[in-house]
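Across the two complexes that follow, chain A remains constant while its partner is chain B and subsequently chain C.
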Partner chain A sequence: MAFSTETWVQAASFLGAGFSVGFGAIGAALGEGYAAGNASRAIGKNPAMGGAILKNMLIGQAVAESAGIFALVIAMLLVFMDVQGAPMIEAWSLLASGLAMGLSAIGSGAGGGFPAAEACLGIADNPPTQNALTTNMLIGSAVCQTPAIFGMVVAFMLMFMDWSGQPLWPGWAAVMGAGLSVGLAAIGSGVGSGMPAGAATGGMARQPGAATTIRTNMLIGSAVSQTPAIFGMVVAFMLMFVDWNGTPAWPTWASLLGAGLATGLSAIGPGIGNGFTAQEASAGIARVPESSSTVTTTMLIGQTVAQSTVIYGFLVSLILMFIPREASETMVAWAAPLSAGICMGFGGIGPGVGEGLAAAYTVNRIARDYEGVGVLLTRVMLVGQAVSESTGIYALIVSLLLLFVI
Partner chain B sequence: MAIEGADLVRAAALMGAGISMGLGAIGPGVGEGFAAGKACEAIGRNPKEAGLLTRTMLVGQAVSESTGIYSLVVALLLIFVV
Partner chain C sequence: MNELTHIPHWYLSLGGMRLEFNSETLLMSWLVMALIVAFGFLATRKLSFLPGSWQTLGEIMVGTFQGLVADALDERNRKYFPLVITVFLFIWLSNMLGVIPGLSEPTRDLNTPLAYGVLGFFIAHYAGIKTKGLKAYLSEYVQPMFFMAPLNIIGELSKVVSISFRLYGNIMGGSIIIMVVTDLVYSLVLPPALNAFFGLFVGTIQAFVFTMLTLVYISVQTK
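Here is the complex of A and B:
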């Protein structure tokens, strides 16, 4: 091609900037809009508290905005990046940096809207609790921002690490895989952490006496919802730090891209599913505080089962990264590993969400009748989750066939 | 790199298999989980009917599973037969 390396790197840097703040703007705007809508509803219910509700809305929106601001910062750095003398692989790492930040900001921004909205509604219903609600909102939405921070850490590494030691092939696929893995995986966890934060904040307004119990459950539930994003970050680190010199360019590039997609996509479902479960647990404990230990236990069982598909995705990523494939330039040789990654990635989304929903309804009922039906419901939940898991297992089987039988 | 027609077709079949099973797994996964959740909710309200409700849940999930099995069949066809 007639263009110089510098031209390519500069072009990729600008494109990355667009992806970063373009995707990054989606979540924060949605979350803040949701908060504003519910603040209006709250003021409509209780106009006398209008000033306090407005103030709370603005604080909540400011926190939800932070993911968008991270994306703006990364975009600015990419726009003004010095690309003099950069190696060609930098074009890919800068593009991946923008994708990592932009995609990872979607979930955190949207998730931050839930606690902000519930705090506004809660202040309208029970004005004396306003300080407690604002505090809990701040804790909840701060936890929501973690996945975006994972994305930002990887984005900075992609931007500022010295890539000249890595070969262009398959190194470009390793950095792209890293960006996609951490970015996509953060989407589900960001939304999933926001759901319990919202339910807990709303619950505290109705049941201020149980605030500590509710908050403990919220933090446990949100923390577990973060796990899929951590899997995405671990895969991103492996892709960035393994030395890919000496691996055959074809078809290793397809394996590395597939590795990023397998964990990144499959993490979306469990992140959201865990959020549903934790949301109902926090809401249930707020209704019946005495149920907290039974409800938290059931929540954790349900969330753990819902994590299984991201573990399959992680497994497929590990196989793709570390089991060497024979050098071959045929299309079949690279289509198989890429397809395996896409298959397990998308295949993990549905069961993750579904199993989380199953656990959410179960937890909801157990909170109402925590002495009577707990064991029976947990058993039925596990049967139902196992059936929902089946399609994730099919996806795993097809991935393994693509990897080992072809 | 010279690409032969047969190679292209085989590669497309493999990509198709992954996309088929991957996307095809989304719907049944969500649907069956929703069914399980609603069944648990109903059993919670009326634990005496647990047997009937569990059976109904499993029948409903089996039907919801069908599109996932179609995806699996198509993926296996693309890998082994085409």
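Here is the complex of A and C:
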């Protein structure tokens, strides 16, 4: 049975709506559940503050849910999309739009739960700080929504830009790559930027005097944890805005899909790893506020090094997108670039988290003894991170072999 | 919904070259500059020991940012304080413009955040060379080992990309969600709350994040 183009596009828009809110519901629900569980713990500790904690929990959950609501909005738009006369490539762009929004909402929703939970616990432990904690929770979880907002920007562009100028082959792979790149990359950063927000809110309850210092560090730590998601967004923009007319359909489609996967997957690890580092930095500054300058510098160095695997992924994506490949319909020709992207993508996850953990414990120690061991520990951290990165470098070498030797 | 991705242009032919200006961004940037000048004028016009409301506002801002700069930079580099507070004022006022119907944020055009990102990048590296000397500055690129140099250079360049796309993505995303939801609910009930959250709240936070990152990049280079 043959279907008309319109039927395909309609089906794809429904599928996209399903992916959008289906994936998008995961993170927000986790984050809200975590907040609710900790609110119960908090009320158990200090029943007198029950009303205030409940109110705080509800506010925190509302913000953590916003990523899920973005996904709902995109899903609604997809369901009621007017598909009359749309070209076939629209089917792929609508599907990619749903994936971009759904995947990118996972991390932000889950991350938004950390500050909400810590604020509830903090109010129970130190009731007078209530207002400061709620404010900080709001700021922390608002920053945490940024990766989901990136996903939404790309999803919106995929939905409403005019795709009729792009060829179906390899244009479909470009839009799918764009959706996957921004969606996957936002997962790690969303969770990662929630971690410092949680630690800072918890720390503020114990050390209300240093609130400004803690909050500044939290904002820097969260923002830097979002850099991997930004790489995903940049790759998505390149895939969407470059004109793919004139490139050979085979094997360019594999390169473009691989480009999306390389940056998207490899960004997950550094996003989470950077979150661990920033979390320890915020907690450390809350313990010893005088250490803030040293700790922030060490945190930034550690985070930058931990981002190297996503930079490798970005490099592989650039090679895949912009170094033209000869037209060929053999299996080797398309399997090699696709595998290169997948290889670098998955290879980047572990080192990103590992290097982030190395930096996290270093920052933790430096916060306790910021005048003594700083330089020594930073050296140890850099060497340890370099060793932990070697597996990421193996992935890069194999990717480059796949691209240039085979 | 196409109006968000569409940027109005002015064209100018100059000796065979065709120049393209983003007219809306330009006009809005000039408006922001006018607002900053007006604020500066109002805040410093009648300085007195018992400050008036504009002077108080100015003093609060200067005091807050002086504290932040003093935390991050050493004595020699305090001179970057005017730069830091100006970046904040410009980006913050830019983000606030979106709340007013009919006006749009200059920061919604990627060119504006990118210009500020590049500016911050060059100033941070200039400050680094000036404070440490060229030799010490260059030797940092081969830390911890010489083959890390390409990675360090890409890492530095990626800071420009991340700082500008973060601001652009947030402001663009905020305007998209405001527009789409306003359209879906036929402009009833929700738009003011959305404008307050994405326009005022997120706009302020992101302006602060951008400023703090610019300051921290200078501080990392000068240590």
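Note that in this section the second predicted complex is superposed on the first by the 405 of 406 C-alpha atoms of A that agree within 3 Å, B and C clash if a C-alpha of one lies under 4 Å from a C-alpha of the other, contacts with A are read in each partner's own complex, and residues count from 1 in each chain.
Everything below uses one rule, namely that a residue touches a chain if its C-beta (ideal position, glycine included) is under 8 Å from a C-beta of that chain, and two chains touch if they have at least 3 such contacts.
Computed from a prediction, not measured in an experiment: that's the story for all the values here.
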- With the two complexes superposed on chain A, say which partner A:V373 touches: chain B (first), chain C (second), both, or neither. first
- Query: Which of the two partners, first being chain B and second being chain C, lies in contact with A:V234: first, second, both, or neither?
  - Reply: second
- Figure out whether A:L168 sits in contact with chain B (first) or chain C (second), or with both, or with neither. neither
- Thinking of the overlay built on chain A, is A:T297 touched by chain B (first), by chain C (second), by both, or by neither? second
- So, does A:M157 touch the first partner chain B, the second partner chain C, both, or neither? second
- Task: Mind telling me which of the two, chain B or chain C, contacts the most residues of chain A?
- Result: B
- Which of the two partners, first being chain B and second being chain C, lies in contact with A:G345: first, second, both, or neither? first
- Task: Answer with first, second, both or neither: which of chain B and chain C does A:A29 touch in the superposed model?
- Result: neither
- Task: Have a look at where A:V383 lands relative to chain B and chain C in the superposition and call it first, second, both or neither.
- Result: both
- Message: Between chain B and chain C, whom does A:T146 touch in the aligned arrangement: first, second, both, or neither?
- Response: second
- Message: After overlaying the two complexes on chain A, where does the chain B footprint on chain A coincide with the chain C footprint?
- Response: 383
- Item | Contact footprint of chain C on chain A as seen in their complex | 70, 73, 76-77, 138-139, 142-143, 146, 149-150, 152-153, 156-157, 160-161, 212-213, 216, 219-220, 223-224, 226-227, 230-231, 233-234, 292-293, 296-297, 300-301, 304-305, 307-308, 311, 314-315, 379, 382-383, 386
- Message: Considering only the defined contacts, which chain C positions touch chain A in the complex?
- Response: 1-2, 4-5, 67-68, 71-72, 143-145, 148, 151, 154-155, 158, 161-162, 165-166, 169-170, 172-174, 176-177, 180-181, 184, 197, 201-202, 205, 208-209, 212-213, 216, 219-220, 223
- Which residues, counting only chain B, touch chain A once they are in their complex? 1, 3, 7-8, 10-12, 14-15, 17-19, 21-41, 43-45, 47, 50, 53-54, 57-58, 61-62, 65, 68-69, 71-72, 75-76, 79
- Note on the structure: Within the complex, chain B is touched by chain A residues 265, 269, 273, 309, 329-332, 334-336, 338-362, 364-366, 368-369, 372-373, 376-377, 380-381, 383-385, 387-392, 394-395, 397-399, 401-402, 405-406
